[in-house]
Amino acid sequence: MSSDPRQRIAARAAQELRPGEIVNLGIGIPNLIPGLLAPAAGVFIHTENGLLGVGPRPRDEELDPDLIDAAKRPVTALLGASYFDSADSFAMIRGGHIDVAVLGALQVSALGDIANWAVPGKDVLGVGGAMDLVVGARRVIVTMTATASNGEPKVVPECTYPLTARAAVDVIVTELSVFRLRGGALCLTELLDGVTLDQVRQATSAPFRVELEA
Amino acid sequence: MSSDPRQRIAARAAQELRPGEIVNLGIGIPNLIPGLLAPAAGVFIHTENGLLGVGPRPRDEELDPDLIDAAKRPVTALLGASYFDSADSFAMIRGGHIDVAVLGALQVSALGDIANWAVPGKDVLGVGGAMDLVVGARRVIVTMTATASNGEPKVVPECTYPLTARAAVDVIVTELSVFRLRGGALCLTELLDGVTLDQVRQATSAPFRVELEA
Amino acid sequence: MTAGGAVSAAEAVALIRTGDTVMVGGFGLVGAPLTLIDALVEESDATDLTIVSNNIGEPGKGLGKLLRQGRIRCGIASFFTSNPEAVAAVNAGQLEAKLLPQGTFAEAIRAGGAGIGGFYVPVGAGTLLAEGKETRLIDDVPHVLEWPLRADVALVYAARADELGNLWYRRTARNFNPLMATAAAITIAEAGEILPVGGLEAESVMTPHLYVDRLVARREQ
Amino acid sequence: MTAGGAVSAAEAVALIRTGDTVMVGGFGLVGAPLTLIDALVEESDATDLTIVSNNIGEPGKGLGKLLRQGRIRCGIASFFTSNPEAVAAVNAGQLEAKLLPQGTFAEAIRAGGAGIGGFYVPVGAGTLLAEGKETRLIDDVPHVLEWPLRADVALVYAARADELGNLWYRRTARNFNPLMATAAAITIAEAGEILPVGGLEAESVMTPHLYVDRLVARREQ
């Protein structure tokens, strides 16, 4: 397993995806996932600026100025892909037709509330599709480091940052562990290789149940 | 001028259409209009089942089971035509993008209220696009005979039949005359060839102003 | 979801259960999924159905067959009158009818697929069709609050599909089909032609495959 | 309306008046009508504009040029942050900012074009972006009432047009363009290629010509 926490997180999150699923990937760690998926993973990637069937990054000779993802990076489109306008794209999202959204967060609460678009005291001038995705996707997987750069835990009793949505998160993958929201309760279900329960307790300020799976 | 009142009405209504306008034609008299328009009239015909650019009735060898108008009759499509789904079609209508709707009516009131979908005491089981069209089109032209088959006037002080919409009508063309709604008031603006004012008064129970144009 | 190749019409309509709400595409019979309707008529026992379709077929044709079997409890439509037998069934108390203006009907289905909780339209305000509905003045114009329509199963027809379930509709056979494909828990698409993946130009796909759960080849009518 | 052949960019943007609300297509610069934006920057004096666009360009690019000229009074967008100069202008009190979730932003423009008076979405409920907005429980889920967005003028970009003004968008350059084309009193379309009438397949038309008032040929960027 990679020693880069971001790669570890992306690799573990990739295992949550099932063949045939429609998946929207946020900016940052989630965007590492395509590189980690086996070609046979059978996952279809949706990007909210209007494409289902995102392919790998283009080689230089494949670059197309009309073909980008929501991070505004050049992409390719797979065979069987389709394009649509932004109203139709968000109809897919809001209407519950995206199986999984994988995205980053600043904080997730013990109730699955998520804050991932704004920092208190700074201007709230960019939200993009974050709110639509966490409300609309059937499963929301958060990928983030367990703690912020200042050491503060990100899995918290209650979000102190501006909320993106309440009770929206299903799974949290950090470089230490996997949490799942079960019946509204936060459960630790997996320690990543070499991680101890104590390490997770130290990095987590939210109360959680321990329900480790074999 | 034709002695068939329906043809007279359609021919007069056709003169209301201006080059470049987007026109939706209802079932019945309005459907006679395409046959009366000069090819250079430059009018684009919209049908609410999903086509802009309706052409003439097909010759036998042109018949296409996938190409009908809202009356479910076979049509053709002109060069430059486009197809769209029913939500998009009614977005055009409701959103004010159709310049003119020409449709029949059972009654029109002195205030421009229109009743054209249901007869009192009978089941109200078919409305189709009538309500959307009279509310959404920028100009609503009613084509109808001045009186019902029992002789009752159709331009009435107040509608007694179930309403399609209030204050929606702009022009009424009958085989006798043309009425226009001006500032919410019903005005007789034209007598058709050979018709007298008395004939119109006899066939009309609504009060109206006489503002005949040269 | 994604279709992943074609199944038989019988297998597909077996997903419809008694009591279900079923959307059926088509404007009259044009664009109606006639193979799927026939399979529902001939090979399914599901009854007590609520049908969401612009018309309830024609006498003995399309949904008119299902009506004759007495398996439709309720119809949600804009124009029942194109099938006099549907009108008769309503009068006889055998069919419950919910009538909507055609544009509101289309928009409600779109809203159902798009996760819109409700929407205001000026259409129908002050008429019989707004009775019992909430209204609200917006910019001094009376508007009616309308609710989204959703279904357990949608049956749609497309001239072309690819094996993933991407759909392309031909001419005026498009009508309500793309909307209904978005608004049901299970969407079954009948296709005139099923192409290999890549057989449809990516810009031309009208219903992306994520909306299509089962794909059935049209039987020559 | 219908375009009826191409006009110059300067002639087209002369329709924009001081104080107007202008919608501008594009996701970042992709799909943005760059020729029209340049004409607005260079050949128009209209100022005090409200711009409805997902982003307010990038520094010195696209709408970023107009921003540097101080001609934007208000921005309605989902992501101002892609242009740090827009953020700075907001902080300096020179630009009023109205932020919407991207899907709500798109839906509000569609609603503006489609004659929808208002609509409820679950998105944003309980967050800063719902403050001061009417909310309502629908099926026990909090929903926010959102209003349609309309404009005086829309500037859109399409890879292909025909001379009537029918439009076809390429790949992810489609984004907000087809929506904005429906939601303005005057729609000006910039096209990469202008074909004779009949040059677009009727099923492939994404914006029918009734939405397009003026057509302008894209200048090579």
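Think of it as A, B, C and D in the order they're written, each chain with its own count starting at 1.
To be clear about the criterion, contacts are C-beta pairs under 8 Å (C-beta built on N, C-alpha and C of every residue); 3 or more make two chains touch, one makes a residue touch a chain.
Note that the structure is a prediction, hence the values are computed from the model and not measured.
> For chain A and chain D, which third chains touch each of them?
Expected: C.
> Can you check which chain pair, B-C or B-D, has more C-beta pairs in contact?
B-C
> Roughly how far is chain A from chain B, centre to centre by C-alpha average, rounded to an integer in Å?
55
> Roughly how far is chain C from chain D, going centre to centre by Cα mean, in whole Å?
So the centre of chain C lies 32 Å away from the centre of chain D.
> For chain B and chain C, what's the span in angstrom between their mean Cα positions?
29
> At what distance in angstrom does the C-alpha mean of chain D lie from that of chain B?
Between these chains, centre-to-centre, one finds 34 Å.
> Which residues does chain B have that touch at least 2 chains other than itself?
Within chain B, the residues that touch at least two other chains are 77, 83-84, 87, 90-91, 93-94, 136.
> Residues of chain D that contact two or more other chains, please.
Only 107, 110, 114-116, 121-122, 169-171, 174, 202-203 qualify.
> Go ahead and list every pair of chains that touch.
By the stated definition, chains touch in these pairs: A-C, A-D, B-C, B-D, C-D.
> Under the touch definition given earlier, write down the residues of chain B that touch chain D in their complex.
Residue list for chain B touching chain D: 20, 22, 44, 46, 52-53, 77, 79-84, 87, 90-98, 136.
> Considering the complex alone, what residue numbers of chain C touch chain B?
27-28, 30-31, 54, 78-82, 86-87, 90-91, 97, 99-104, 106-107, 109-110, 121-129, 159, 169-179, 206
> Please output the residues of chain B touching chain C within their complex, sorted ascending.
Those residues of chain B that touch chain C are 47-51, 64-70, 72, 77, 83-87, 89-91, 93-94, 118, 123-132, 135-136, 162-166.
> Can you name the residues of chain C that touch chain D in the complex?
Residues 107, 111, 114-122, 136, 138-139, 141, 143, 168-171, 174, 202-204.
> Any idea which chain C residues touch chain A in the complex?
Touching chain A from chain C are residues 1-2, 4, 110, 112-116, 162, 164, 166, 182, 197-198, 200, 202-203, 205, 208-211.
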